[in-house]
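The two complexes that follow have chain A in common; it is paired with chain B in the first and with chain C in the second.
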Partner chain A sequence: MKTTSLNLKLALAALGAALSPLAAAQGQPIRIGVVTPLTGTYAGIGQQVKWGLELAAKEINASGGILGRKVDLIYEDEEANPAVATQKAEKLFQVSNVDFLTGTVNSGSTLAVGQVAERNNRLIATTVSFSDAITGEKCSPNVFRVNARAGMQSAALAEWLAKDKPGARVFYLGPDYEMGRSTVAAFKDAAEKKGAKSVGEVFAPLDNKDYSPFFGQIRAARPSVLYTSVAGNDTVRLFTQMNEYGLTKNLTVVGASGTLTSQNLGAIGKAAEGFVTGVGYSPLIDTPENKKFVADFQAMHKALPDLYGADSYGVLYFYKAAAEKAKSTDTDKVRAAMRDIEWMTPQGKKKMRGGDHQAIQDMYAVRVVNGQFTIVAKVPGEAAIGPDSCTRF
Partner chain B sequence: MLDWLQFILAPQVINGLSIGVAVVLMALGLTIIFGLLDVINMAHGEFYALGAYLGYALIASGVSFWFALVFVPLLMVPIGYATERLLIRRVFHSKERHILTLLLTFGLAILLEDGLKLAFGANPLKPEQPISGASEIIGLYFPNYRLFLMAVGVLIIVAVWLTVYRTSLGAMVRAAAFDRHMAASLGVRVSHVYAGTFAFGVALAGISGVLLAPIYSVFPTMGKDFVLIAFSVVIIGGMGSIKGAVLAGLILTQIQAVSSLYISPVWTDPLLFGIMVLVLMVRPQGLFGRLGHG
Partner chain C sequence: MAEHLLALRAAVMRRERVSHSTLHFFAYAFIALCLVFAAIAMATGDVFFFRLATEALIFGGLALAVDILLGYTGLLSLGQALFFGYGAYVSGLVLKEIEPSFWTAMGIVLVTATAFGAIAGIIAIRARGVYFALITFGLAQVVSKIVFNTRELGASDGIIGIPVIKTDFLLFQVDTGHAPSFFLLVLSIIVGLYFLVAYVMGTPFGRTLVAIRANESRVPFLGFHPWRYKLAAFILAANVAALSGALYPMLRGFVSPELMFFQVSGNAVIMVIIGGVGTLIGPLYGAAILTGLKSVIGTFTEHHLIVIGMLFVLSVIFFPKGLVGHARPRIERILAARGRES
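Our next item is the complex of A and B:
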């Protein structure tokens, strides 16, 4: 008898505890945590994430919010460091009591924060991280990805290659570490399936000074296409030196989306002309939604959006669509609503695949013309998405 | 077999030679400063970066590459001279000279690197190549700028050699290195020779910066690029030996170039440092003796 009453009391207390924040939450703003690098090497990416979210929050709040509640963004600087990111995420879940969390850039941070979200029974979405593992072998029921993963970028590029240069002879050059080897392996696989012939590969050390020792090998293989996934200043040197040796004649250079960025395009100059890569967004996408987005973004921030800004803008509409479909901010109800939901983004309609929490979206092949990325091909989302390899849920 | 010699080995050897000249240019300044002042200049790579940035800034302001190539080393001379007089001099006579100068120049390297980052930003920059196109040699194409680099590099190396071994100025420098007190009592103004030699080494780093920038680009951490291999070259060649720096520089880069035909390029650096360890074990003083002792 005594134990029963104790149990009853406990149950009542638990019920009260569970109900009171819910009751208090009505009419209060929906809190969205943003753990993103605001300082350090990736601060430029964090800036775009912040800008995209701010624009979406402003629009949503101006048109009545989500479920009639205003959106409140709470920022924490993760310094692109997974250890810092987990602390900041823990703080946002425990102290700030956020309903949803986004903003992680580094794939390592996304994976680590995903585990924190699982422990706290909350949902997160990344708008930047490329690593296939996030919605593949390391997928989590609490983690969603609204941006295109590395494999989709490779698939889009391979699709373009098969159409534009059927039966291409491809040579691969990657930086000799995990990212370099996995990007080359992924693109090689995608390109070979589309009929390309691999004629050789070489992996150069990170921060390689001089690529000319590899040029003999490349020439001897007589490729028509060179795929590379070097990044940063390595790209500057590779492109400059290839140009110097006249290697770029009759050779199409393609690569990973991180190979050429606004950070190194200036230093490479003319040697970057003609480079093709696969991406999930370009400010040049010619649709009314995107034109409006680019104009609003520029008016608010005096800068062009890039893929990170666009996908971070889109993630708030993703959450809005799911919360309004679920008519709740409860984790389980929102998760169920997020699965297989369709929502509008600057890239057009995206669909969240329920099986692995990876967004399906149209992909683009873009080429550098006069120092600017221009769209050369559009690859439908279904052709680029690839199989669902998540086995956890 | 002939094809292999012509199309595989020859380009590798010639490319190796152009990298070799770059390495020797870096090692020369380092070995001269060590040979005379007994100072290991940890900031040598950053002086190379400073030269490259000064060259880039001059070219961006509208002057020609050729003007920058001559003017930058002239700018570097007072910078080097002041560094020796204002910083190195203060700890030079301390008992802990080796440690103190090492730490001092290391600190200077960090300051210079961050200063360049503040002034020019973290993104890579690159001056346009002043000589474009390629030439045919034994049926192979080589960029004209690399051929020019090799020619200028050889000229600089020969000029340094002649200055040190065949002029009265060089004789004073070697005398001061061999016996400071004897040289001073014979009327050599040793303190000026020291500062002047340091400035000369820094100017060599500066001209290397301008020469190599069109190939290797300009960025704040570029100082770390050649300085490691230049240090190993100086150690293997014999610290302070010009002959040693030239020979060791050319031999090591050839070993790297040819071996990269057979082993993964990632292993060429361990190979090089392995050779350095072996030389240190068998012949700790290096292949050749010190400046003024040969």
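Our next item is the complex of A and C:
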């Protein structure tokens, strides 16, 4: 009796072993779901996500795929709305049977889709969301982040500030809403730890037309550095008005990475000169990997990659590295392989921290010179990453 | 003269009976379609479409609330998602922080939404026509921005980690994570809300609302205060929206401020118009159609908003009374003919 059951088990195991690689190898592509905003406010970011993924998929497929299987990207539009994103993610998990999912942009979508992944026992990675909570207090065993989080951006900027302007007197000007206040608080914390002196802070309403009422307060505090986390058209007005009032003399303006982007840089013009921010990527990174990436990206899409395009390009190589290390696409095996894995990206080698699923990467301080972001300092990943605050796993 | 009036009254009542039974015919047809769908989905072991259909029903409840105001009271609400989101947040917080119990969540939503609806109603119903629409829109914008900026409510990220719950219904148990049984639970709640609202609209209260819609200035001359009736209708609509919203976190396990945004309110109005204004059951059809279309078309093209917009324009041009409003006279004729035969 015992031997027959053993024989049966052996036979089944042999059959399984014979069948599974066969089934996997025979044409079955690896399906990767992309839930990203293709319409609405964040469509521009979704476009970069799509471009980055397409380039990586083309390269991977041309060089034999992942585990010998081709990569298939399946897109769904999430409209930057978590309620839409969860529904689309569920469709990809259950109807399209994707092996892995990426692309979510706003943090609310990433968190909600992460929960869908958890309930469907699948893995996701975000390449855009920077809310610290995703790999912090709201971390999930099924969610990874390959891009730099908000804390790393401010840590990189604070690191540069401490080196370039030791003991700076910093004034903070943020937009008066939750995100604005939390970015200011995070940077203030990072800067003070590095020896900067805070001389005051003020919060202006969102979509503020006139910043001059705050200028008296700023001047009275005599700061050497002004940190701001306003964004979009608010940045345009703040910078031009500061320039008109002559406030920018002997003042270094630094800010969040979303404050000044290629979208509003043109409108600000000269007033943006000298602005410094901390970012995880710049097309100007001077490495052979990045130069090749930028050239290929431009050849394929007739546009420069930004950090979203670069990180979305990198995420496929992240999955490839993990799946090949695990020799499987099984969720548990791939998750185990993803933890503490190292892989190559346009930004150089990244490492996925096992404790909170946050990628460790080199950060850069960039400054606007002649209307172009130029790299002024490189901050090693270990200095910017900050402590692991995830307690769930 | 008196005889003539009596005959007229009898004729009107007969017509009304036919009209009511026609709408109920659509309601039974809706339930039958849902059960057929459930049987097919169960047989194929599907999960996604079950949960999508559950979501359609939940948003159908919101559309039903819009129709109470638009179809019966003549008030266009562009901010009904406020109450939907309110119900979702309250239910989500109760389930996560207080007790993972279906009844506690629904009970607290019912009580507090009544109070919340009364406060919002006192503000909103002072205005008429387009001003009412603007006030409801504004209220929803203000509250959603407050939620968006309140860290205790998860701010822009919303609240995740709302647990899957089990509910006892004496004879059986429903697990919100089990797609078929939760679908049937939501179906019975939403259809129950429909029959409740349909019943209320048939009472003198409902007739007064219709009178207000027809000519508000004349209603006081009949001895009624339009203000009270409008407020009551507003509170009823707030409750229907909030109770539907309370089901959302049970399905998806999260809430976010987007649930209160204009996108949701606007979709609900579209559902009502596609399904048929003033039919109550039409909005449920409209919700099923719009949710289904969005999911299917979105997979094929990223230009799904254009396609849906065009379909909406076409449906308004060719079926201005909506699906149910368009089919209604045909069914009515059949039912009336059968009525004469018997």
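The rule we apply is simple: the second predicted complex is superposed on the first by the 366 of 393 C-alpha atoms of A that agree within 3 Å, B and C clash if a C-alpha of one lies under 4 Å from a C-alpha of the other, contacts with A are read in each partner's own complex, and residues count from 1 in each chain.
We take it that contacts are C-beta pairs under 8 Å (C-beta built on N, C-alpha and C of every residue); 3 or more make two chains touch, one makes a residue touch a chain.
Bear in mind that the values here come from a model prediction, so they are computed numbers and not experimental data.
Between chain B and chain C, positioned on chain A by superposition, is the outcome a clash or a fit?
Chain B/chain C on chain A - fit side by side.
By the touch definition at the top of the document, which applies to A:T183: first (chain B), second (chain C), both, or neither?
Once the two structures are laid over each other on A, A:T183 reaches no partner at all.
So after the superposition, what angle do chain B and chain C open up at chain A's Cα centre, nearest 10 degrees?
60
Which partner chains sit in contact with A:Q94 here, chain B, chain C, both or neither? Use first/second/both/neither.
second
Looking at A:G216 after the superposition, I want to know if it touches chain B, chain C, both of them or none. Which is it: first, second, both, neither?
First partner only.
Using the superposition on chain A described above, determine whether A:T240 touches chain B (first), chain C (second), both, or neither.
first
Figure out whether A:T127 sits in contact with chain B (first) or chain C (second), or with both, or with neither.
neither
By the touch definition at the top of the document, which applies to A:L111: first (chain B), second (chain C), both, or neither?
Touch partner of A:L111: chain C, not chain B.
Minimum CA distance, chain B versus chain C, superposed model, integer angstrom?
8
For chain A, give the residues common to its interface with chain B and its interface with chain C.
Residues common to the chain A contacts of chain C and of chain B do not exist here, since the sets are disjoint.
How about chain A: which of its residues touch chain B in the complex?
Touch list, chain A to chain B: 176, 202-205, 207-210, 212-216, 220, 232-233, 236-237, 240-241, 244-246, 263-264, 266-269.
Report the residues of chain A in contact with chain C in the complex, numbered from low to high.
Residues 38-39, 75-77, 79, 81-83, 86-88, 90-91, 94-95, 106-108, 111-112, 114-116, 119, 131, 133, 138, 177-179, 182.
So in the complex, the part of chain B that touches chain A is made up of which residues?
Chain B reaches chain A through residues 7-8, 11-12, 15-16, 18-19, 123-126, 128-129, 134, 141-143, 145-146, 214-217, 219, 225-226, 257, 260, 264-266, 269.
Which residues of chain C touch chain A in their complex?
Those in contact with chain A are residues 46-48, 51-52, 55, 148-151, 155-158, 160-161, 164, 177, 252-254, 256-259, 261, 263-264, 295, 298-299, 302, 304-305.
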